Amino acid sequence: MLELKNVTKTFGGLTAVEKVDFIVRKDSISGLIGPNGAGKTTIFNLITGIYKVTGGEIIFKGIPIQNLEPHRIAGMGITRTFQNIRLFKKLSVYDNILTACHRNAGYNLMESVLRLGRYKKEERNLRQDTEDLMEIMGLSKWRDHTAHSLPYGLQRRLEIARALAVKPELLLLDEPAAGMNPDETLQLMNLIREIRDRFKCTIFIIEHHMDLVMGICENIMVLNFGRKLIEGPPEMVQRDPQVIEAYLGEGAKLGA
Amino acid sequence: MDWFYIKGILILSGINLMAVLGLSLLTGFTGLFSFGHAGFMAIGAYTAATMGIKLGLPLIPSLLIGGLISGVISLFIGKLTLNLKGDYFCIATLGFGEAIRLILDNVQYFGGARGWPGIPLKIDLWNVAIINVVGILILINLINSRHGRNMIAVREEELAAKTIGIDTFKHKMISLFISAVYAGIAGGMVGYYTGFLQPKMFSMNKSTELTIIVIFGGIGSISGSVLGTLLLTALPEILRAFALWRLVAYGAAVIFIMISRPEGLMGGKEITLKGFIRLLNIRKRSGKAAEG
Amino acid sequence: MLKVENLHVYYGGIHALKGIDISVEKGEIVTIIGANGAGKSTLLNTISGLVRSREGRIIFKGSLLRPVPHHIVMKGICQVPEGRLVFANLTVKDNLLLGAYLRKDKKGIKKDLEKVYELFPRLAERQKQLAGTLSGGEQQMLAMGRGLMSDPELMLLDEPSLGLAPILVDTIFAVIQDIKKIGKTILLVEQNAYKALSTADRAYVLEQGKIVKAGKAADLIEDPTIQESYLGQKAEAGDRKSEVGF
Amino acid sequence: GQKQEAAKEEQKTQEAPKEEAKQETAGDVVKVGWIGSLTGDQAVWGQCEFNTVKMLVEEINAQGGLLGKKLEAVGYDTRGDAMEAVNAVRRLTSQDKVVTIIGPNASGQAIPISTVLEEMKVPDIATVATNPKVTVVDGKTKPFNFRVCFIDPYQGAVAAGYAADVLKFKKAAVLYDVADDYSQGLTEFFIKTFTEKGGEIVAKEAFKSGDTDFRPQLSKIKTANPDIIFMPYFFKEVALSANQARELGINAVLMGGDGWPSEVLLEMAKDAVNGSYFVNHVDFDDPAVQDFKNRYMKKYDRKVELNGYLAHDAFLMFVDAVKRANSFDPVAIRDALETTKIQGITGNIKIGKDTHNPEGKEAAIIKIVDGKYVFQQKYAPSN
Amino acid sequence: MIQFLQQMINGLSIGSVYALMAVGYSLVYSIMNFSNFAHGGIIMLGAYFGFFFLTLFNWPFAVAFLGAAICAAALAVLVERVAYKPLRMRNAPFLYFIISAMGASMFIENFVIATIGPTFKTYPAVFSREPFRLGPLFIGRLDTMMFVISAICLAALIYFIDFTKMGKAIQATAFNPRASALMGINTDLIVITVFAIGGFLAGIAGVLFGMKYTVYPQIGFITIKSFIAAVFGGLGSLPGAVIGSVILGILETLISGYFSSQFRDLISFSLLIIILVFRPIGLMGKSTEEKA
């Protein structure tokens, strides 16, 4: 579904991502791990068009997308959450999601200004969609709270809900479990599985919580210094000595 | 207070309000700060007056054409400048506003800096009120549609807006266009109200005055803009008697509101019928509670 | 050394802390665990003066703390805030030097700088880079390093392992042990409750703005309710979880 | 002194509503309106005008009033803004019920107020609004607008005529303020007359209100090597540009209009403007104006600006019209104003019925010699 | 050729006038991230202080100069305390600061009109007006002085900001006051310092302008140009402010010298916009590209 071909990104003299090849298969949950500063977030930024690639191609459903505007890429069905949460801080939970639902309505400017029939019908649907999403994501209770006053964990959840409102085919999650305790992480893990099944979307995760990554990812790419270290199923990645040395550390080795 | 005088203030408020509403969309809802809106007013004013005098069009079509031309020009400006951030955009719009004024100063066809008298007087309280009501309704509808929400998203967090598929540039453009149309219509009304146009009327002071009103009323609130306009247009009139001290008091009032209610008068909230009823209910309930 | 008495904090109408009492003794590592939104960050922010309390007292080394952040830093309390808050517009090195803003001993500063670079070699590599362009984990290292540079008596750490690669999580906790060894006191807030409890001497459990449990860290780690709600272990599905990654 | 004045102002306005109520019943106080800039960048002139009007009102009251009634001056600030001027006039005519309005000092405000005047049927005598369109638009005379000053075309023609015919200059340069109506007006008519008289305009350069540096333009003018530079704008800019011209080694004679006369000009650019000419409404040394000059100085402890003289004469016109109409009815005053024929301190004022301008009012040509304003002659352009 | 050289000299001296204002202005911007529109007002007050010290108290020039700068610094701090601090305490967005600044600027200007009066005051002749002559070229004395003073101020400021601990603390506070407080930085003191320096520079500029242009309540109006220059050079960058000023000065001069003085601002604004289109952060602005 998504293919990175020889993707490279440099910042001035610094090469953040170097010749990375990777394929995300449809309906899979894939993982991206690697030490801090390995270039993981940068890869997400490249996929979503926030950064322009220095070299290589990114192909989504057969179409090269590396030079498209971010909103175009989102329009094609790729959306994401951010490592540093970027909600519409001053809006309520409800409005955050409702705003993101915009793509599911087609009425134009004239129709909205004059409140024509299509506006009313579609707007009703949007609002229903929003309610449904809040329900699924367990946010109904927080409906009227402004986003910035939510606790950290809920903000992350809201970010996912907002991304889902776009009805993505590919969902990129950048450290969704950061700041959650193990119990919450476990819940999140189930939630992600549920999302995959329910929304029929492919998921690509960056995460440092190994429980989560190893627990739900079918295929994992390990990045180190911008280069791909290895790629494979969790069991294999977990035991790889290079990965242990560069990323997991001795503690994990003992445990394994 | 004499009705004739009050009427004058109301008409002036109405004219200001139209421009403020447009700017409210741009600044309040889309988060773009313009110092050049007087320029759009000027374009609308001179176009509308031309339509009326040279082509003999009636008021409303003249105003609409004035607004439209102003909007079309805003598209060119927007194309060039909307990618700029914060103060850079400000400066670009400031430059635009001053440039428009300078052009008008030099165009002798419209009387240059000496002004253009003899524009027919067609504005009265009624047509100002109707134009404003329509303007407000359109704006409310817009804000409560996906387009309006997208603009707010651009204001709140542009990057996130992009990643949920909002064409931020396009929405900034729409917002600028509409606000320029509103400003253009307001400008047209200035001409038809005073019967006289002069580039001086559309100086940077006018632009900053509009911005002050928008922020004063509260960002992201239409009722705030309405309230702000009424108050800030009436305030100098109320203070008129203070002569020399009038603008000192005005400046102090602006600072006072900003520091005591930093989110402006309304601050993102709207006066709605529902809210009003809720307020009444709370009163009733607390009244009952007090009884009980 | 630090004593918090009957602390109440409000955000507008939200009652975030509802009468907190805790104490930290010199040379101890004390940890506070709790779910999202329990009020852990609020507690640390109140101690460091960023948030004002409505009621209650905070006593440090026998004297009442004035709620002014730079005074509190001067007294020897330093917070490493949640979400890093590095100075994005300054270089890595400048960030670290700002950590030592109130220190006068040039030599000591230089020595500590070397020490931080030793702990986090990645920072040494990126000395000249603007902090804003560092990766998330790199920023976390920087925030930690910056805290160390102020050479405090009491360090308040708010989720220092957030967003760090497992290998670095180990490093961070090792660093925390090191800091303790040189006689510093630490108040640690962590989501990674297992690691936190393994490192700490004592612990408090915060739930919805109230302390619901307190005790020796070693005891709490064995406590089944704690295990269930904070260590991610359903009683049956026992040990597997804690083995991997943490 | 000013503070107290302002305080007095405040007091007065607090009492105003009460007074108004009294007037309705007793009717022994008649109000005269004034508008102009008390704040903003035109405040210098506005304040002087209003002071003059207040002083004259006091003097009349001290002498027992007019037609047996006491006068009261009500003045409002316009910030130099057209819309504000409209509102101020609305308030003066409806709420304060003034019988006549004096001011404003700028055409940009004088033109738009006429609709209100006509609606409320109250006459206005503008002080230094020099645009012809203040009183006549498209050949139609505005019934309620009058003025005491001469108009731009006239002043421009006087300057050009004097330069060409009397001073015999052939090559003129013009530096003007492109954003100012007054400056554009004078420029237009200066150029017109000067070229008609066979002179040549060798350079026409512009600046914009608010500018403080004119050297780029002056450097360009210098290369055109004119005999005379026409500077139709206000004294601050005149002083700056004159100084800068001399700094650049320009020796041409400078000439200007009624924006020039001021103490500041001489203080700032005494040497630079030495030998320059300007067109004025009055000869400052004319015995006729000395009395007023002294009274103003005595009362306000500062020198009267040029606007004061014109406000003075506007007030004279008003008093004269009331006396002749023998009534305070605004329409009657208007009718009387149309046939005004008095001797003011700024000259003979004979209002033209079709123009509402003072007809044939001669201009005074003044030369600056060693830091003094030296009257040359009364001059009217011949053609 | 001589004409061209003379025009370059003219441009440079206009540029140094802009630079003198732009530096103080840009300093406050770089810390507070908002355009301090009250800066013009402080410049004006500085000019008045200098004037009164020289004429009423008959102080020697150097003392009056320093005294004016110190008083201006104190006033700038006062403005900060009254109009900005309450906003700072609430982390209000930059828009509110700008509006408060506009209020303050209106207040200051009209306060002076109401108390001191609107009339122009002329500085006593401290220096000879006789320009230096370089063959056929003329160079103003005061201009040379301004040029040298702006250069010195700039150098001192850059040293202070980039090479001292306090400077770093200022930058840190600019970025995140909360985090800076945790470093033990007294953020309030930092802000006061910044405003005091900004005010001091404004005082210096004020006295120099007063000598050059007389003193009057609207003298601060020229700051608009320096604001534009600062944006042009890249906001927040002190060298950028100076380079922007000089370029703007020379640009204006060349346009009025060789194209058209009527349309000078039109052309220079258009160029400004075009440059911003290609360099959206000004000539030397720091890239504010966020990392997602």
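Per-chain numbering from 1; labels A, B, C, D and E assigned in written order.
In the analysis below, contacts are C-beta pairs under 8 Å (C-beta built on N, C-alpha and C of every residue); 3 or more make two chains touch, one makes a residue touch a chain.
What you see is a predicted model, and the numbers here were worked out from it, not measured in a lab.
Chemist: When you check each chain against chain C and chain D, which touch both of them?
Modeler: Touching chain C and chain D alike, sorted by label: E.
Chemist: Name, by label, each chain that touches both members of the pair chain A and chain E.
Modeler: B, C
Chemist: Relative to chain B, which chain has the most distant C-alpha mean position?
Modeler: Checked the centroid distances; the maximum from chain B is C.
Chemist: If you tally the C-beta contacts, which comes out ahead, B-E or C-E?
Modeler: Looking at contacts between chains, B-E has the larger number.
Chemist: Report the inter-centroid distance (CA atoms only) between chain A and chain D in whole Å.
Modeler: Between these chains, centre-to-centre, one finds 71 Å.
Chemist: Between chain D and chain E, what distance separates the C-alpha centroids? Give it in angstrom.
Modeler: About 35 Å, centre to centre.
Chemist: Roughly how far is chain B from chain C, centre to centre by C-alpha average, rounded to an integer in Å?
Modeler: 49
Chemist: If you average the CA atoms of chain A and of chain C, how far apart do the two points sit, in angstrom?
Modeler: Distance between chain centres: 28 Å.
Chemist: Which residues does chain E have that touch at least 2 chains other than itself?
Modeler: Where chain E meets two or more other chains at a single residue, that happens at 110, 113-114, 224, 262, 265, 290, 292.
Chemist: Where does chain C touch two or more other chains at once, residue-wise?
Modeler: Where chain C meets two or more other chains at a single residue, that happens at 133.
Chemist: Two or more other chains in contact with one residue: find those residues in chain A.
Modeler: Counting only residues that touch two or more other chains, chain A contributes 41, 50, 82-84, 86.
Chemist: Spell out the part of chain E that touches chain C in their complex, as residue ranges.
Modeler: Of all residues in chain E, those touching chain C are 165, 168-169, 171-172, 174-176, 178-187, 286, 290-291.
Chemist: So in the complex, the part of chain E that touches chain D is made up of which residues?
Modeler: So the residues of chain E in touch with chain D come to 3, 6-7, 10-11, 13-14, 17, 110, 113-115, 117-120, 122, 129, 131, 138, 140, 209, 212-214, 216-218, 221-222, 224, 252-254, 256-257, 261-262, 264-265.
Chemist: Looking at the complex, which residues from chain A come into contact with chain C?
Modeler: 11, 14, 33-41, 83-84, 149-154, 175, 178-186, 208-211, 214, 238, 246-252, 255-256
Chemist: Enumerate the contact residues on chain C facing chain E in the complex.
Modeler: Residue positions touching the partner: 48-50, 69-70, 73-74, 78-79, 81, 85-90, 94, 97-99, 101-102, 132-133, 146, 150.
Chemist: With touch defined as at the start, can you tell me which chain B residues reach chain D in the complex?
Modeler: Within the complex, chain B contacts chain D at residues 1-5, 7-9, 12, 15, 101-102, 105-106, 112-115, 117-118, 121, 190, 193-196, 198-201, 236-237, 240-247.
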